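Both of the next two complexes hold chain A, though its partner changes from chain B to chain C.
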Partner chain A sequence: MSAPAVFFPRTVAEAVELLDAYDGSAKLVAGGTALTLMLQQRLVSPEALVSLRDVPGLGGTSVEGGVVRLGALVTHTQAARHALVRAHLPVAATAFSLVGNAQVRAAATVGGVLAEADYASDPPAALLALDAEVLAVGPGGERRMPIAEFLVGFYQTTLAPEEIVTRVDVPALPPTAGSAYLKHTSRSHEDRPCVGVAAVVRSDGDGTCRDLRVAVGAACDRPLRLVDVEAGAVGSPLDDAAVEAVATAYAERVDPVADVRGSAWYRREMVQVWVRRAVHAARRAAEHTTNDQREGAVL
Partner chain B sequence: MSDDLSQVKLPDDDGRVPVRLDVNGRARTLRVHPTQTLLDALREQLRLHGARSGCGVGMCGACTVIIDEQAVSGCLTMAALCDGRQVRTVEGLEARDGTLSPVPEAFLRHRAFQCSYCTSGFVLALEALLAADPEPDEAAVREAFSGHICRCGSYSRIMAAAREVAGIGTALDVAAVETRERA
Partner chain C sequence: MLDARDRVTGRTPFVINHEVPGMLHCRLVRSTAAHAAVRAVRTAEAAAQRGVVAVVTGADLTARGDMAMLFGPVLLDQPVLAVDVVRYIGEPVAAVVAEDPAAAERAAALVEVDYEHKAAVFDADEAFAPGAPLLFPEAPERDPSFADVTLRADHERNVCNTFTVVRGDVEAGFAAAELVVDDVYESPAAGAVPLETHAVVADARPDRLTVWSSTQTPYITRRQLALMFGLPLNRVRVIVPALGGGFGAKAYATVEPIAAALSRVVGAPVRLHLTREEEFVTMTKHAMRVRLRTGVMRDGRIVAREATAIYNAGAYAVISPRKVMFGAYGLNGPYAIPNVRTEAHAVLTNTPPAGAYRGFAINQCAWAYENQLDEIAERLGLDPVEIRRINLLRDGDEFCTGEKLHHLRFTELLDSAAERIGWGTEDPVQVGDVVRAKGVSCVIEGTITPSTSTAAVRLNPDGSVDVLTSSVEMGQGIRPALAGAVARRLGVDPELVQVSYVDTDLTPYDQQTTASRSMYSMGGATGRAADDVLGQVRELAADLLEADPADVVVTNGRAHVAGIEGDGIPIGDVVARSRVGNVLGEGTLVTEGGLDPFTGQGIGSVHWHQSVGAAEVEVDLATGRVTVLRYAGGVFAGEVIDPVGAQHQCEGCLVFGVGNALLEELVFDQGQLVNGSLADYMVPALEDMPASHDFELVEDREQGDVHGLGEPALPPIAPAIGNAVYRATGVRLHSLPISPEKVLRGLRERRDAARRDETVADETVEVHS
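== the complex of A and B ==
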């Protein structure tokens, strides 16, 4: 293998031009936490490394018209701690804060975890439950796609080799919504997830469910959302029996992977357990926000 | 595309590219294979052996270095991509006259190690945390220590040293406890 050339482009356009010129044989580098290991293990042998570190404008977090914009170079630590993310997307803040360990979170980026599309990841499930959209720039300009269309399989996205993820747009949760991200690890506390579940619940004052979103990560090729099951829970109270029915539906319909973190049988069991726990946690959080709001209204 | 050469590094006949680093306050230029890790470059090219190779895959913390104020894993970082950056290793915490900065000094005093393979990683993690937050609480210290594994199990002494330098509560004086036990 000949040694790759190293590039530090200064704009997104320059980076795209380089990727295009190398025609699929160049690799972008953001935090480098995944790519460095792949290179050491010789799983990839690119002809060029294109670092995004000197491209300005990809590292910001802002809110615009009720949508939180996370730049592709925002690190996991920054995303987990940012006031806007914690206030409007608490379930994402939690998922980013539970990734690996502090050194990994300090380097790993929002764009990197999405482009990598490793099934055993935390943030993608949370971003899917939040209906995030991925923005990418390529030779033909910018396109925007729902994360459900972006993540298509094991380590697979719809990103073309010459496209760059620039941003993720995430609609802020309404203040009355409750949410939770629960990560189940089966080997060590700092391991990648065996199963991770993101849940969002919004209910009326009388307990009628108005919105339910459940995304199961790390259990199959890409995070799983069953929109028909979610919709089925809306309009009636989200009592324990209803939560259990949702958990059962996810456990029955997931096509679980078997790997070092658990067999397919074990994963299916864990999907049932952790969907139940995550929806319960989100429901509790929603009850708190509604109570707070009601008390706020009385005062 | 601009043809500013600082933006492009083409490998030479040996497949190496130049990289300029500020290592512990000293400007260094080295030639590395483009995919070589920073850990490797520090140990092999610069003969700085304070950062250790433990797992090689980002899970043990033995290879921790501080790059531009951030504690990161040297095994997850490519040296060629650190061009122009400031790198601090545990060697940089010792002054010319041999005086240690407060963190390694506390680790020594508390004998917060047995084999010491993990020590430079813990020390640098705490150094970086204190630089960002001079008064961290214990949760922040524990978060900074996530991903740091001490196979010898010196965690209680490590925490005692850390609590002392971070000014958290009254650190348990392990040496005093031992003296009492021996008496």
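== the complex of A and C ==
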């Protein structure tokens, strides 16, 4: 074990080349917040570190055809504060704003949090509820995959060692949708989540649910969405009983982890509580947007 | 303020920044076995690495025959590096000395150790039980000093000391009691988590040893090293710059003997700076379990208390033999109890050594007796504040040690804290899933007695003043506080006063910087030294003023004949004009006392710290999560020397208290620490702190006693929070920390029990109909 070589490539292609040349024994560095800890605790011992610092074009946020594009090097702070994210993806803005503490958010990146695939994370659940797609570039060119296919298990993604996440594309929420991300910490407020829930609700004027999306983070190996449960709620009013049924379904079907933040029993309980609270909050937000629009219409 | 600019601009000196020419770097190889015979340590591959100077084992050190292999403040039980046996996971087994830290680290990973595992024991109750694996088949020798600690060790039961307090007739007390409650309470092991981990640079020469260390006990460390190497005290020089926090974890030697021994082996200065992970297994707060029986009368008076506490000392005694004294009298609490038998045992286990920790043994006691007192109040239908008022010690009462206590302000402190938290208003209050409630607690704590501090104060011809002290600045602000106090005594501008860091070659003896003793003991010694300076100045000024020394006084930094202020001479000018170079004053403060270890009678503390707390919490009934909303504390300070520093000390206690109450626990699995990093071990962040807090510092200037404030605010915090959680939820947790999961389980158990009661009631009805 000797000190790894450090590279600062100037293009994505150059970075990919380096990763390819090291054949799995090099590590990318984005914000470095996760990697530094892994190095310190000797969980990884790469032969080379490839920094994305000097690669231009990965740090932008824009909107194109109703899709918000988040560059891989956009930091959590930037994502949480960016006007486009706040306007079109408020649930993601909230999730990024609740990560760890200000120091971590200032360095940690959108690409880093996805590539790390730590189950105890906030942003992935929000991005899953938003049907985000991950763009990655490798020796064979660019590919794009839904986040549900990208995240496959504990610290596992479908990314190849020589591939680089360059961007995340997130469809903007319709203005009538309400959304919420709620984070439950069981220890310090600055801890990673014990459970985090992202919810998106869109209803008709009469209260009939038109769209429900619920993603539960940090409770199991990767963020959990139950599309059949979501679909089951569509078409009828999302009243308290309906919300409770959704919460119960998630609590029953989650396969909870046990760790320092809570036992499997506690996690299941928390899934029930926080799915209920998140869907309620999203419903309230949806009511507000609907009301706002009505008021807008009157004016 | 002395210090502030240096701190903000990063110029405060710390050992971790200290470099010596030719300095080598050390990395330790630590035991992966909890209890094992060391069969072989294979070092050849590590030694062959580039940059490696030496790989050293305990056997290598023993073979040299030029140093003692065992050290410890009370018992000589800790090997510098393991010899033949390891007793906890994390114990230093071998050391690599190399030209740079990376080389040392790489080589350390290549050292292989063969262990032959022995039966290990981790829980202190199990280690105390007959037939448990023994950590020391033979009793270790004593260190010849620390004579004030009488040992009642029982190494057949892994006990490194026991202390008992007996007062009145406890059996008769229980016989008379109208209600007896009997509970077990537990506190877990915790880490002090100083920002700066232990660090040392040692430079051993054949006849001389210099050590730059982050220790809270420079003079004890000097003595230990002198003993180890057979050197006279004045051939060992311990230099202590500022510490990045200590909190007790740096109270006794840990890394210093290792670095000193290695320096002797390689003949060059050696630096050792622990990683965060190593810090967690170097010194811990004692886990403690206590069975507490209390007898009360229906009117709320406590008439009997019997308690047996077992402190988990970890693998080596360190200061546990003294800690049991604090633990035994601490269990009495600040109450007038006529019949008492409290006992504390320190029991060795195969876990990292437990040492000093802010609140020295008292936190664990207070957690137990203050929870239980609320339980008793409820059973008797009394208000928690009221039951405390009934029992709190008052002036002239005798403590369980037989000492008659004076200047007691408990009731006033409690009433004030209760008022500030809004006690008596509606409680608990529920809105949706969230319920709010308040809790109170009261604590008595002693300071180390007997104890000794000495100091020198030097007046220079320009009127500037040097204070030479061996009190350690560890962020508690002792340097600015001493500067202010000496400046006031001499009547000079505080800006003119410098306070030394510690250098045992230059700064006079001080026992240690622990037990919140420095402002009292060192403050007293420096005050006397300043008075000595004033006395000498008066003599010198008498010559200059052609007056009788008896007629010369010093006011506002000028010496003059009493009654004729205009003719005064600034005290610096007195030095200059009388050509004495400087005026050197000395001061010593020695306190007397001590308790009998079989009865606990005698003088336990030169004065007693009085402290109360009141907390308001919010509990989310759906998740069990507790938020501390507000905290009102109160401490008897005697005299506040540095008002800002005093508040800072109380606020620091609040951070520790909230951490202990809600978050902190070292979790072990078969002796392996499982949360030994700052990603896994939680200390409070700013958002975990109550949104508002205030500490009242009660003074009694006529009495003239300064009380230290480093610790007293801490012990009431966790029980006040525990009591508030109980009032909010009906869940009384007997073990810390108060985690959301434990609270939720408690709530579920209560709900299930209520349902069972309903079912039973329904069935009863059916039977009758």
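Points to keep in mind about this one:
The rule is simple: the second predicted complex is superposed on the first by the 299 of 299 C-alpha atoms of A that agree within 3 Å, B and C clash if a C-alpha of one lies under 4 Å from a C-alpha of the other, contacts with A are read in each partner's own complex, and residues count from 1 in each chain.
The rule is short, and it goes like this: a residue touches a chain if its C-beta (ideal position, glycine included) is under 8 Å from a C-beta of that chain, and two chains touch if they have at least 3 such contacts.
Since we're looking at a predicted model, the values are computed, not measured.
Look at A:190: by the touch rule set out above, it reaches both chain B and chain C. In the superposition on chain A, contact of A:236 is made with neither chain B nor chain C.
Applying the stated contact rule after C-alpha superposition, one finds that A:208 touches neither chain B nor chain C. When the shared chain is aligned, chain B comes close enough to touch A:104, but chain C does not. Once the two complexes are laid over each other on the shared chain, residue contacts for A:18 go to chain B alone; chain C is not touched. Once chain A of one complex is fitted onto chain A of the other, the partner contacts of A:266 are limited to chain C, with no touch recorded for chain B. With both structures placed on the common chain, the touch criterion links A:62 to neither chain B nor chain C. In the superposition on chain A, A:156 makes contact with neither chain B nor chain C.
Touch criterion met: A:37 reaches chain B and chain C at once.
Annotation: chain A residues 2-3, 37, 101, 190 touch chain B in one complex and chain C in the other. Contact residues of chain C toward chain A in the complex are 102, 106, 109, 277, 622-623, 625, 662-663, 667, 674-675, 677, 679-680, 682-685, 687-688, 739-741, 744.
If you check the complex, the residues on chain A that touch chain B are 2-10, 14, 17-18, 29, 32-33, 36-37, 39-40, 49, 51, 53-54, 100-104, 106-107, 190.
Residues 1-3, 37, 41, 101, 184-191, 260, 262-263, 266, 269-270, 273 of chain A are the ones that touch chain C when the two sit in their complex. Listing the residues of chain B that touch chain A in their complex gives 1-2, 6-11, 15-17, 33-35, 37, 56-59, 61, 64, 70-73, 75-78, 80-81, 83, 125, 143-148.
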